[in-house]
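These notes concern the structure reproduced below.
First chain written, first letter: the chains are A, B, C and D, and each begins at residue 1.
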Amino acid sequence: MELHLTLVFNGLATGMLIFLLAAGLSLIFGLMSVLNFAHGALFMFGAYMGTWVYILIGGWDSNLGNLNFFIGMAAAAGIGIVLGYLVERFTVRQVYGNHLRQILITTGVMLVVGELVKVFWGPNVIRVVQPEFLTGYFAVGDVRLTYYRVFIIIFSTVILALLLFMLKKSKLGIVVRAGVENSEMIQALGINVRKVFTLVFIFGTMLACIGGFMWGPYQGQVNPAMGLDLMLIAFIVVAIGGLGSVAGSAIAAVLVGLSEAYMAYYFPPGSLAVNMLIMAAVLLIRPTGLFGATR
Amino acid sequence: MLKIKDLHTHIEQFHILQGVNLEVPEGSVTVVLGRNGAGKTTTIRSVMGFYPNVKGDILFQDQSILQQPPYTIAKHGIGYVPEDQDIFAGLTVEENMRVAMRKEDDKTRERQEWLLDLFPDLKLAWKRKGGHLSGGQKQMLSIARALVNDTPLLLVDEPSKGLAPIMVEKVMEAMNVIRETTTILLVEQNFIMASQLGDYFYMIDDGQTVFEGEMKLLQEDEGLRKKYLGIA
Amino acid sequence: MNIKKMYSKSEAVAGGGTSGAGTETPKGNRAGTSKPMKNPFQSMTWQKAAWIISLLILFAVPILVSKNSTLFMLTNIFIWAVFAMSYNLLLGYTGIISFGHAMFFGIGAYCFALMARHIPQGELGFLFAFGLTVVICFLLSLVVGLLSLRLRDTFYALITLAVATIFVIIAEQWRTMTMGNDGFNFTAMLSRDLFGFIDLLDRQHVYYIALIFLVSMFVVLKRFIDSPVGRTLQAIRDNEDRVSSLGFAVLNYKLISNIIAGVMAGLAGVVYAISIRFVSPDSVLGVENTIDVLLMTVIGGVGTMLGPIIGAGVVEVSSHYLMGLSHIHPIFERWVILFGIVFILIILFFPAGIVGTINQKLRGKKKEGAS
Amino acid sequence: MDTSASVKSTDSLQGDERNSERNKIIETVKLTKSFGGHTAVSDVSLSIFDKELKSIIGPNGAGKTTFFNLLSGQMKPTSGEIFYKGNEIQNLPPHKRTKLGIGRSFQITNVFPTLTVLENVRLAVQAKHNIHYSMFRHYKYYKHLEEEAYQSLEKVKLEPKAEHLASSLAHGEKRKLEIAILLSLDTQLLLLDEPTAGMSVDEVPQIIEVIESIRDQRDRTIILIEHKIDLVKHLSDTIAVLFHGKKLADGSPEEIMNNDQVQSAYLGGLYNDAED
């Protein structure tokens, strides 16, 4: 029983972290039907940037206490905003409406951004430790709940709630949902849909960069391969969850996280394969994903 | 209020409009007639700025709106009711209205109240998803949505299309009220509706305006009607 | 008479997708043309001569050049060109984008490597590697195609990426068989007198194998592109639904394209293993390989016969050259950045790639000349 | 013109009583198609007899094109059946229906832009000759295909543009190409969705001529959607009227033209009659 509780807890944490990475991808995919192959490289850049600041500030002024973690997170978010804007403005915007070219051009961006990471921070693994206030664990019965995982779950749940609330209630959210359905009609109502696209792209990239940053202490390292590896998982989540459905992405992410946790315990090499199989099964039965609109 | 001068629209390689000229005087209901595929919808959509390759000129309140993006054109005060209503199916009626509001001030809310009085059906369906509305309700929502902002000119594309007769009647009644405050450019194949609402008509055929005149003229001249509408 | 006239003219003006087809039709069709068709006619013979001369040069290279590194580079260009040609069949001629194409390449390479290691007798292992590659790639492309080709284009890209990743994982985890991440070298196992006359350790021999491989694959692919099936594929690229309403089973055609591309990539993998004598997940199976081949195809020109070959040459030569500059500044180790930027610029401004853009220019001139 | 048309149609049909003896080539039974809450085609039962030319008319939004999409397989019906030569076909994909002998042209021109005009047609001929999986023979090996394609182009007077890219054609020419493709399929049943839409005035007669000549050969069946009523009257053996997705009337051109319901449907709403 403890074993399963532990695995579920771990799976939940991993899943919620994956959700942060996938949420932006899902929004972008849903609204602009752009499958952003650069997403992984972008959050890797965010992860490196945030980690770099986090480590730098931590070493430079230990009086800051745990603040360096949040400064690192802010740095990741900041670079996410900048990168999101640049990528949308100069590449993705040019090829809206053409799936093939979108996939190609974001692949190009993936190459460039991925290599830039190596230029700035080198091709080697960088070790990252968890901030002091989040190290350690508390026990509930025989189940050890590590603070960092608890933090991830709470943080991501807050983000998820904010996102859902925003989509449901705010004007921007309604516009985004309407834009996912019919971007032409939105324009006829006097809304510059391009601007909304840019905002969503920036926002999605920012979320991913924050997620990427949080991934570092979670795994104890950042490395140049994480972009592609995690992007694949994010893709799986989006495909399972359905086009543009934030709630769908969250559920799919938890599903993937749980299968990761269980596979990691019972048969580590098979974890990715199992997720692939889930994705393939979902797509074959319901090509729009579990929660995607049937269009 | 709206002037279209020698409008040529290309969609991809197709030269769809090949010289459309028309004028919508302020306070009027001007009807665009013509058979299927003649270019009526393309004309309206060209005004809304949906096509990049448009030549000629389109003047709204004496200013050219040619080559402007659709959202700017909408902001000038042109409301658009598309052929297929294009209601956001996943949004409730309330949200559909809200998405259209460019300002959420008292004036806009007042206008919304007025529209809901005009279309009581919408009030009843207020929390329902757009996708679950009936065809008539969709049409009403589409019209209300276009008018919730300050809209001096309304472009309406075939409001009677696919509607049950009783709904056509309701829509027509509403249009009769709307015309008192808003200038209307109406595309319509339903001749009864067109002739009851319209003051003036333009006939489009093969992408060109081929005939224009007072609506009365058309009501009296059956030959003309047959010729361009293809009714016998 | 009338029809004949039209035939010959159609060659001259045929479009981007069919530009490869326009270059090599039998001369017979052109005989008896009454209208002035001088330009294309002249350029035909000129082109034919150019083909023969370049082939002769390529066959003469090992005699003129003795530097093994040059031969090695050319050999690899030939192999990557075949790999890129097979990718182009999907991207350029069928209009589908795969992110898993390297799995076929890698499977071919591993097949050969494992055979070399376990069946050192030579001929048997050599032939067996080819046979096994064809069978595996055929079945795999069939299954993956059946699973994913009915879905939207973006999902096809996704599923191919996913399946390819599974193969990388297998190669990494199945250490007893594949030596895991490190890969393995099998130089010592290669036969020096295969079939009595091929020395797999001689760079010249390998060069000729690769060159003959390229030429034969080019001919096969050209033949395929110009076959009724090939023409149907190009129509599918243009307008899938319409092809279906003409009475073609679109899925079957896409499957054929998928299978031919897969098998061809697998064979390229076999020859690549012969050339580099080493396999590892990264060097032959990884997604990076698919991206490389995507770069080559797009830079060279999608939907043209020559594009992937030119693309392979450009990418291989310039990356080799840029790597050489890394002692000047370490940025040159990151030459992929440069390619990424070039790639983005090409997609934005020259979507037809090098060969396609040149073709368009030539065609433009021809039209000017005609009018 | 009216009289000549009616003479022609009675000539070929020789009265309605003959219908029962003639074969139905395609028949729909309570065919219905709904999209969400909207029913585009509702309970339509319609029989089309072998070798006749039947027109389907109706005001915008009446469900004509949806009806065609159901016949040709672009859409699957929500309920109801379609029988082609007595066999149920409503679940077959489009390409299988084409092979059975149902060919259609599209309202929105739908050709292959980067291929030449001739190649567009040649593909249809290739489909007709069932040359499906020939992979390593040059396509020019099948010379007769190109000759046939060329003949189809001649029929619609498009042969001077055979070598042009389809994307370079004018709108009317693309419509002609569409017809040429359909003719090349050489199917028993031709579904023509507004073949003259968007054509210039001088191009229309050429297409009419083509349709007329196919009709007069009396060796295949044509179903035509068309808005130009004079044209429909002139061409059709029988006419069916759709209104709000329902079949409103079905009969000879004279019957239809004199049908009050049809008149008022076209003029805008049956409710006016009720008020009178």
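Here, a contact is a pair of C-beta atoms (placed from the backbone, for glycine too) under 8 Å apart; a residue touches a chain by one contact, two chains touch by 3 or more.
It should be emphasised that the depicted structure is a prediction, and the values quoted were computed from it without experimental measurement.
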Those chains which touch chain C and also touch chain A: none
Pair exhibiting more inter-chain C-beta contacts, A-B or C-D: C-D
Gap in Å, rounded to a whole number, between the CA centres of chain D and chain C: 43
Whole-Å gap separating chain B and chain C, where each centre is the average of the chain's CA atoms: 53
Residues of chain B engaged with two or more neighbouring chains: 89
Residue numbers of chain C (touch at least two other chains): none
Touching two or more other chains - residues of chain A: none
Chain contact graph, described as a line, ring, star, complete graph or other shape: ring
Every chain pair in contact, whichever chains are involved: A-B, A-C, B-D, C-D
Residues of chain C touching chain D in the complex: 2-3, 6-7, 9-10, 12-18, 25-26, 29, 220, 223-224, 226-232, 234-235, 237-239, 241-250, 252, 256
Chain C residues touching chain A - in the complex, by the definition given at the top: 91, 95, 97, 147, 151-155, 157-159, 161-163, 165-166, 169, 173, 287, 291, 294-295, 298, 331, 334, 336-337, 339-341, 343-344, 347-348, 351
Chain A-touching residues of chain B, taken from the complex the two chains share: 48, 50, 69-71, 74-75, 80, 82, 86, 88-91, 95-96, 98-100, 102, 104, 145-146, 149
Of all residues in chain A, those that touch chain B in their complex: 171, 174-175, 177-178, 180-182, 184-193, 293
Contact set on chain D toward chain C in their complex: 72-74, 93-95, 98-99, 104, 106, 110-116, 118-120, 122-124, 126-128, 131-140, 142, 146-147, 150, 159, 162-165, 167, 181, 185
